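In what follows, chain A forms one complex with chain B and a second complex with chain C.
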Partner chain A sequence: MIHTTRVTAERIKQYLKEGKRFDGRKPENYRKIEIEKGISAHAEGSARVKIGKTEVIVGIKMSVGEPYPDSPDKGNLITTAELIPLSSPRIELGPPKFNSIEIGRLVDRMLRESGFIDFKGLCIKEGEKVWTLFVDIYSINDDGNLLDAAAIGAIIALFDTKIPKYDEESDKILYEEPTDEKLPLSKEFPLSITIHKIGDYFIVDPTKEEEDISETRVTIGGYEEIVSSMQKGMEKSLNIEEMLKVLEISKKVNQKLRKEIEKYI
Partner chain B sequence: MSEQERKVVIPGEIIVEGEYLPGENTEKKDNAIISTRYGLAEIIQGLVRVIPLSGVYSPRVGNIVIGTIKDITLKGWLVDINTPTIAFLNVSEFPRFVNKGSLESFLDIDDIAIFKVIGVNSKGIELTMKGRGLMKIEKGMVFEINYTRVPRVIGREGSMVSLIKQKTGCNITVGQNGLVWVSGEDIEKELKARKMIEYIAENSFISGLTDKVNELFGEKNE
Partner chain C sequence: MNYLERKMSEFKRPDGRKVDETRKIIAKVGVVPNADGSAMFAFGKTVAIAAVYGPKNMHPQHEQNPKQGTLRCTYSMNSFSVQDRIRPGPSRRSMEISEITTWALSPVVMLKNFPNTVVDVHINILQADASTRCAGINAASMALAHAGIPMKDLVTSISIGKLDKQLVVDVNKKEEDWEEGEGATDIAMSFTGSGELTHIQLDGHISNEELKTAIELGRATCKKIYEIQKKALKEAVKIEEEEE
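Our next item is the complex of A and B:
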């Protein structure tokens, strides 16, 4: 996969000036989103999310463990992302690189800081036993915007999760016997919106071609106008006016995207 | 497997047994011809060859390719043409006189240009820029298609490419390495040409593709 060339970058910017993008979208529109729930038989909850050609699968696994000393009555959450070499010619096999660590961290922070999961509801016995949630993200195909796809996948997979039966006496989890009990989740789920700046223009959901020439990006996790997590990536800076504009776009896109995803829950 | 019939083979698959000659992407083992690539096998006058359907582009002498300048050395430019090894353009193969001290004023790093392959050997891949249509790309857009679909995009004796050129008024160069350069009056026309090329690359197996492309173009013109 070639890096977007300078001439093509020029054309993308020219076209953005007219408020258009190569695939006919507006700057603030997402590509077509396809969501599948319960794709894995062995995970407690799972989801496959496709945004255009970008594809991500997310699985939730649950186990019982000890709580952390600073939160004896709260469950644990561990989020990891793995970028599979098959999903893009640019991804190499080996220990996790910056990109995959960042995706894991950002999804983790979005879930944790928004108060989406009621961690107290995951407590079995205070100070001794709590549920641990593993959110595992795998990239299947990378055509830009893996981050937002991973975040949507995590939300859908968490909603899909059925808590397995736990036998307290023998300290065993009976994975084959899922209960009908769902996770203690808030109906007001967070979303992660990544806004990229190309030239003087802001876009969401870039394709790989656009992502290559993005100068800076801000990822905002939260519910509509509530910002619960934020991260800025790449070298270039943003001034105050631009930052306010980013927040405005994030709010608008968050509301719109929410309607699309709500029907899968 | 009879002559002229094509079949899909995978690496290691026995294509045919008997007195045959191994051609491109095949190997002879004992009495059998084995495929080394995933692709379409064909037999022409006892010669077995496999036309790959996926994988990495391997350059051949005479190919027109599009590449990006990756580095500048004392004797020329290092060019990425989508191959596992990097290609080399000697200063003497540049169409104009180049002062050895100022190579970057002619082709700088990240510049993109059209080249021709003049040598593939153990030392590497050698390119030239001397020839018709070989030049630095200054405007338009460059995108990538699967290189195995390039023959289909070009069409028989260039019929498909000239059809798109004629319908959109764009200048099109299809590199054998799968990179395509489209340059036209405005972006709309370039995008239209790009859409058609991508359509052909994705639907290259459909028979009567030229008619279909013509049809689609007709609809879009109205």
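Our next item is the complex of A and C:
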């Protein structure tokens, strides 16, 4: 198993003491973000997101199916993340590992809990037919922070989505004939921001090396003022003061990141 | 080649291409920074990327070969690469294509000096419009070269179709689903630069004579694609030199 060496780990920690990072960034800065949308001809919506050397692609597929019994007038959302071995020497072939399951679930909850998607608007016939949204995330190059990249990709791809024509009589989706109709999304979009703690210091958007030596992390999904989903990961605990600081950082970063992403919508 | 020449002018392909014309080809190396070598290859809307990791220790250990290294190719399609979403994860089809790809590339890869190791080639189809295995093999061959794996030659792959009675080069999805007349015959084949055939698959029905012509046509087209692959590899080296 490839892992960051102790020498590198020590150096990263030493740098953080001086408020610096390996690549010259400040603790609360993201690497350069590049976004492309409409990258896939067969997906209803798609996006490619690069954060530094990290790259993910996200595609949205839509199909028509039955609603769940407890939400007869609401569409469905299924989010999957595939961390493919192509994207890193650390990822082995085989069934999905915890990492990819967690990314899928966290992006799913960010989308669902934030109220970003109006699921009622995805209902075709109550109790019988609703749209199912598949948000599929693929890693292309993993250099840390796949999670936040995946979340941005999902948002952009959803905004990019055009609903295909659905013929109710034959129960067929005419994928060749996309309508101009967009998904029922709210104008304000949620973001997912993961804050890592290394030693006594907090950083966002870790590179792979930083991710390796991170002791604990908190992923916060939502808007500038509102937190709609959250999860702490890894073993080390936080005290209340630290948790409040995390929330403060998340708010600040959310504000800044939002401006950068807005122009792609 | 008379058969081919006679028919060439009469036939109209759905996208207006000449019968011996491929779609627009894009070839690029170095698309996955993490990998030891990587490449992208596109036939029009069919886009494949490949990344090479290795030689590295073979796991599981019982698959180690003490006489030479092992080449292991895996082919997978993105769930949204086609119109009807495919479930992520391996399928019978993708497992067969993985093996076929390994067989297509093995003859040129020289792993004698790397006993007990494996060279992993991961192929991912980002977008599919038929001929995905050919695009995958082309990308994989370039990625292996980019990774500096000792090779005798590159491998180049192309699909030849027979639509009704007409042979065409580089089949797209519309042509693959051709139903008029005799329907569609799809022949995927791969050649080394020196012209050895390392892979061929056929679905449909075709006479012996026509198949011979199809193979000749495939060989001629692969020669052209081979030059494109070579050019992309050379360009990558040039850029790296400039950066230094």
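By our rule, the second predicted complex is superposed on the first by the 263 of 265 C-alpha atoms of A that agree within 3 Å, B and C clash if a C-alpha of one lies under 4 Å from a C-alpha of the other, contacts with A are read in each partner's own complex, and residues count from 1 in each chain.
Just so it is clear, a residue touches a chain if its C-beta (ideal position, glycine included) is under 8 Å from a C-beta of that chain, and two chains touch if they have at least 3 such contacts.
Computed from a predicted model, the values in this text were never measured in an experiment.
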{"item": "Clash or fit, chain B versus chain C on superposed chain A", "value": "clash"}
{"item": "First (chain B), second (chain C), both or neither touched by A:7", "value": "first"}
{"item": "Partner chain(s) touched by A:46 [first = chain B, second = chain C, both, neither]", "value": "second"}
{"item": "First (chain B), second (chain C), both or neither touched by A:99", "value": "neither"}
{"item": "First, second, both or neither for A:231, with chain B first and chain C second", "value": "neither"}
{"item": "Touching partner for A:59 - first (chain B), second (chain C), both, neither", "value": "second"}
{"item": "Which superposed partner A:76 touches (first chain B, second chain C, both, neither)", "value": "neither"}
{"item": "Partner chain(s) touched by A:141 [first = chain B, second = chain C, both, neither]", "value": "second"}
{"item": "First, second, both or neither for A:29, with chain B first and chain C second", "value": "neither"}
{"item": "Chain touching more of chain A, residue-wise (chain B, chain C)", "value": "C"}
{"item": "Residues of chain A at both interfaces, chain B in one complex, chain C in the other", "value": "none"}
{"item": "Interfacial residue positions of chain B with respect to chain A in the complex", "value": "68, 82, 110-112, 137-144, 179, 187, 190-191, 194"}
{"item": "Interfacial residue positions of chain A with respect to chain B in the complex", "value": "1-3, 5-8, 10-11, 14-15, 22, 209"}
{"item": "Chain A residues within the chain C interface of the complex", "value": "39-43, 46, 53, 57, 59-61, 63, 80, 82, 84-89, 92-93, 95-96, 134, 136, 138, 140-143, 175-176"}
{"item": "Touching residues (chain side chain C, partner chain A) in the complex", "value": "31-35, 45, 49-51, 53, 56, 59, 74, 76, 78-85, 88-89, 120, 122-124, 126-129"}
